[in-house]
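Okay, handing you the structure first.
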Amino acid sequence: MGATPLLELQRISLSFKGVKAITDISFTVEQGEICALIGPNGAGKSSLLNVINGVYQPDQGLIGFNGQRYQKMQSHQAAVQGIARTFQNIALFKGMSVLDNVLTGRNLKVKSSWIEQAFHIGRALADEIKQRQKAEEIIDFLRINQWRNSIVGTLPYGLQKRVELARALASEPRLLLLDEPMAGMNREEKSEMSAFILDTQREFGTTVVLIEHDIGVVMGLSDHVVVLDYGKKVGDGTPDEVRKSPEVIAAYLGTTH
Amino acid sequence: MLSIIKKPSALIGALTLGLSLLSGTVQAANEQYFPLQSYRVGPYAAGGTGFFGGFIDYLQYVNLKEGGVNGVKFTWSECETEYVVEKGVECYERLKKGLNGAPAAATNPLSVGIAYATLDRSATDKLPLITINHGRTDSTDGSVFPYVFPLQLNPYSEVSAIINYIGDKSGGLDKLKGKKIVTLFHGSPYGKETNPILELLAKKYGFQVTLIEVPHPGNEQQSQWLNIRRIKPDWVILRGWGVMNPVALKTAQKTGFPADHIIGNIWSNSEEDAAPAGAAAKGFISITTHPSGTNFPVLQDIDKTVLKAGKGNLQDSKRFGTVYYNLGVVNGILNVEAVRVAQAKFGKRPLTGEEVRWGFENIKLDDARLKQLGAYGLVQPLKLSCSDHEGGGAVRFQQWDGKQWKVISDWVQADRKLLRPIIEESSHKYAKEKGITPRDCSKES
Amino acid sequence: MEFFLEVLTGGLLAGLMYSLVAIGFVLIYKASGVFNFAQGSMVLFSALTFVSLLERGVPFWVSFAVTLLTMIALAWAIERVVLRPLVNRPPITLFMATLGLSYIIEGVAQAMWGAQVHGLELGISDAPLEIGGMLLSQFDLFSAATAGILVLFLSLLFNKTRIGISLRAVADDQLAALAVGIKLQRIWMIVWAVAGFVGLVAGLLWGARLGVQFSLSLVVLKALPVLIIGGFTSIGGAIVGGLIIGASEKLAEVYLGPIIGGGIENWFPYVLALLFLLVRPAGIFGERAIERV
Amino acid sequence: MIYRESGQFITSYQADHRIFKLYQQRWAFYALLGFAFVIVPFIGNDYWFSAILIPFLVLSLAGLGLNLLTGYAGQISLGSAAFMAVGAFAAYNFQVRIEGSPLLVGFVFGGVAAAIVGVIFGLPSLRIKGFYLLVSTLAAQFFVTWVLTQFGWFSNYNASGVISAPSLLILGHDFSSPAGRYLLTLGVVTVLAFFARNIVRSELGRHWMAVRDMDTAAAVIGIPILKTKLLAFAISSFLLGIAGALWAFTYLGTVEPHGFDLSRSFQILFIIIIGGMGSILGNFLGAAFIVLLPILLSNLSANFLAGVVDPGQLENLQKIIFGALIIFFLIKEPNGLARLWQLFRERARIWPLRF
């Protein structure tokens, strides 16, 4: 583990129209680790991811990323800093092909201007081919070659989840936020997806924060688990530590989940 | 492909024409064609059905009564424009070549927009463009616009005649001094066109003019009429369009302005402009270039030979003798007269557009000729020339009695001398912009 | 000052006329999430049908009833042919479908009844009324009263009847409403029929004002800014929005017009609505949904 | 026999990036272009040029402009005609006020002016979405026509507020004849169609579609929403502006602000609905449909139904047909004629090996 953590949340609070969603949460994520956020529905997990990459602005608290501190993160800024994510209810561009979706993930790497692209001059062609190569690498890596030209909206759910991961990976992120990447999958698909996440971490050294309900998967996959309940942090540690914590058992593992 | 089909027909047309000239015998295609860019649906359908109904009935009448002009019968076909410019252009292009060898005499779109869009084309195609009572004011100058004819009345003459009438009513033009006149105009180029002339006349006669705009389509005029109420003018000139007219009358009533001090212009003068306002329209005055009603020999004759024979064009025969219908008849009289005049010069045969144009430029309708035509009192005395494509510039005034129009004045003449320099200034500017060298009218015969 | 008040009241009363059209929108939007551009053509169609029957000698109330039945039949057809196949499509698609619908209705209306202009007299005098030196239009007062009664009627319908309660359920959450056994299609049909009724009332009043003719369908363009300001989901909002638009456009025309050039009533409401939108994107009374991802 | 492509494999990303991936497609396309540029001017007549081909091309371009904004970037607009008007009047004033300025530069100027106005009215698209955006574009629609009629300067103080096209001279060649106007229009539209095609296949095009499909997700992956939307308004209005200038200069030869009213905006919207949103080809199909259907109907009635059906009823019928088709396409084929064409082609490709 590196000396400075990649992500450091300090006393984050968030509310909607006076209703508290997150209260005073702090934790850190080290470089290169896989961190899982767990907790019952409505615990504020997704909201927390949304705070990290700037979809929501917290009422108070600081977000530290890569040595910088932010009171508020803007979505665009988060992307520029190297934070990529997937969403609970798949947020792909449904009218576009798989390839185009993955290519949009590379938007921050494109160097040529739209005028060059429109007239096919200057850096346009070389740039397009370079982005295409990178995108194809990701497509190969996640083994979705055969659907390359399919329109995303027509693909089955499991595949769409994979395409969304591909789009996120295409941006070569430092931090990858995955919101329930395995929701609605069967055992086989889950293990496939777990393998992709582990490979991503190993091959690219990407730090991962993920939300997952399947405790078995979480325990096998993650280096670090943070437990939320009613917008508060109730546990934080290695999978083993968390498993043993009485508060966690009471709040989460003790329930029917 | 199409040119292959089209060209032979033109060729055949030319051949037949040539043959008939040589042999002097009457061919099957001894007809003169009128392409009709009519409109019978859409927001302005009421005007279109009346006007084209009257026009067609008059052509039919000449065919039935006299067998055409000197044996040349009239033929026509319609193309629906819906008052839409592009459709009008499409119709123009489709119909301009004539029908079955019968050459086109002139186009009569009765639409400012279509007239503008076919203005250049008509010069290129040498086909007269008749814009009776409307159109480009500066096209009165025939030296710059050889093929465009704003017959009887252009927009400038219109306001000038209205002011002259108001002067009359006030007991002389010198009594206009200090009077307050409001012009309520439609928020479009058409509506604004006469504003500079009104301001000029205001300066000349010392009356006070206020110009108030009603945004298109004009179905809400509360604020305008409250303004008028505040100004308390002596007269309101209504330069309206479509729905704006009845709404103006209704709102006038609502704000307590008397209808008999509102004067409608040429597009505010039909039954359709007044009747929808119901009781509010009673007393409303408007100008007209031709009285409505059926009490003219020519209309009686049309009724007898065309309508009674079941060959009338109107679906609703109650509209016989209405403003738009009679305008169509007047338009028919003028077009046919042009053909007649041109035939006297070029021969008794179907004529080209260029020849008909000469006919228009040499129309001369005096009282005697109008009586012959059975149109005395219906059509104003008219004399056109190379430089003057308007010819008349006179209007009569009519008043709505709640059911129909009643003519309340004799012909009131516009001050055309005053307007001519303004028209020429504009036409010369246009000539410069387009690179046109004006004709020298002193050399035209 | 007196003149100012006159313009203001005139504007407020005219604004209520806009509200009448806007209410039809609100009903449909609440129940089916459709921004119904065809509301204007429905106003035209109903007024044209009514006046054509009247002109053919049919008594007033019979004409009214027949027109109302026609509007209900129309609502039924729209639900069947347009709404049902387009269920779950994006709102923009539904909006464009109503554009197509407005073309059909206008075409049918003109094919059936012709394009000429009809006068319509409802037997309400339009002579001006002077109260304390201020001018009031009897007709406008009557229209305002009608609008008031209509709103009362609609709120009774929504708050006291079973249909109304189901309708509010549908407006709140379509899925939940389905789950408790509310027939969505039936609600849609009823709402479109009620909107047709509102359109008929609006058509009669507007028709008496303008004459019954083609440009009646253009009143839809005045209702749009009203909706933006009032919010798409509130009948009260439609009334307040109408009052704001009516008053401000009249005042603008009278006081601003001479400065920047007259005839600004066409765009002024839109610019006003735009400013409102930038400040309050969901209108005065509308609620803004939290965006979920 | 339609065509075969067996044995053609795409071996590089560069080849895959081509517009037409099969040489048969390329060949057919070039043949079509050649036909339009070389053959048509000789076989067409005035009627075909002035009444059908020129309006078809101009409306295709206008549809293209709106399609970039609505079909690709997902921003609905009812202000297309206003942007056309800006283009027409700007190009006109450029020509009138700068002596001897080249015609094509005037067109570009018209496009740029329209783009600027488009950006101004596109600014609210940041805060307002969906059909709320209609308000902004309708504001543009009414405001622009008002300004153009209100201030005589724009029409060079013509009494009727009408502008007339200057002579169509390019490098000494006169393009005023119907065939010349057709060629000029065709040239401009072809160049701009390529321009648009390149954009939608490039990074910017992907940004547009991303914003259209889900703008929050687009923002999260780093696509600059403001810039993307404003560029959509700018480029869309640029094309519309040039279409407006062509409408005034090569089609009608004259135009007044009222010629660019709301119904024109609707017409352009219908072109893209019927032709196909998010398709370049669709604009041409949609425009052809919208130009040809009325003519076809009115010809039919004039030749076969004369006296049987009232021509007025025919126009009503046409209105009903348009409305019904719009609903039909929205229900059955939201991607319009372009999609139908594509389906047809895919069948033809594998024919007769279908079974």
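Order as written gives the chain letters A, B, C and D; numbering starts at 1 within each chain.
In the analysis below, contacts are C-beta pairs under 8 Å (C-beta built on N, C-alpha and C of every residue); 3 or more make two chains touch, one makes a residue touch a chain.
All of these numbers come straight from a predicted model, not from anything done at the bench.
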Chain ID, smallest distance between chain and overall C-alpha centroids: D
Chain separated most widely from chain C, comparing mean CA positions: A
Chain A-chain D separation of Cα centroids, rounded to whole Å: 41
Distance from chain C to chain A - Cα centre to Cα centre, in angstrom: 47
Averaged-CA centre spacing for the pair chain D and chain C, given as whole angstrom: 33
Two or more partner chains touched - positions in chain B: 40-42, 45, 187, 215-216
Where chain C touches two or more other chains, by residue: 110, 115, 261, 263-264, 266, 293
Residue numbers of chain A (touch at least two other chains): 55, 87, 91
Chain D-touching residues of chain C, taken from the complex the two chains share: 35, 81-82, 85-86, 89, 91-93, 95-97, 99-108, 110-111, 115, 221, 224-225, 228, 261, 263-264, 266-267, 270-271, 273-274, 277-278, 281, 291, 293
Of chain D, residues touching chain B in the complex: 43-48, 50-52, 55, 96, 146, 149, 155-156, 158-162, 164, 166-167, 251-259, 294-295, 298, 302, 310-316
Interface residues, chain A side, partner chain D - complex: 53-55, 75-76, 78-80, 84-85, 87, 91-96, 100, 103-105, 107-108, 110, 112, 114, 117-120, 124-125, 128-129, 131-133, 136, 167-168, 171
In the complex, chain D residues that touch chain A: 13-14, 16-17, 195, 198-199, 202-204, 206-207, 209-210, 212-214, 216-225, 231, 278
In the complex with chain C, residue positions of chain B that touch it: 40-43, 45-46, 187, 211-217, 219-220, 222-224, 226-227, 229-230, 242-243, 246-247, 250, 253-256, 272, 275-280
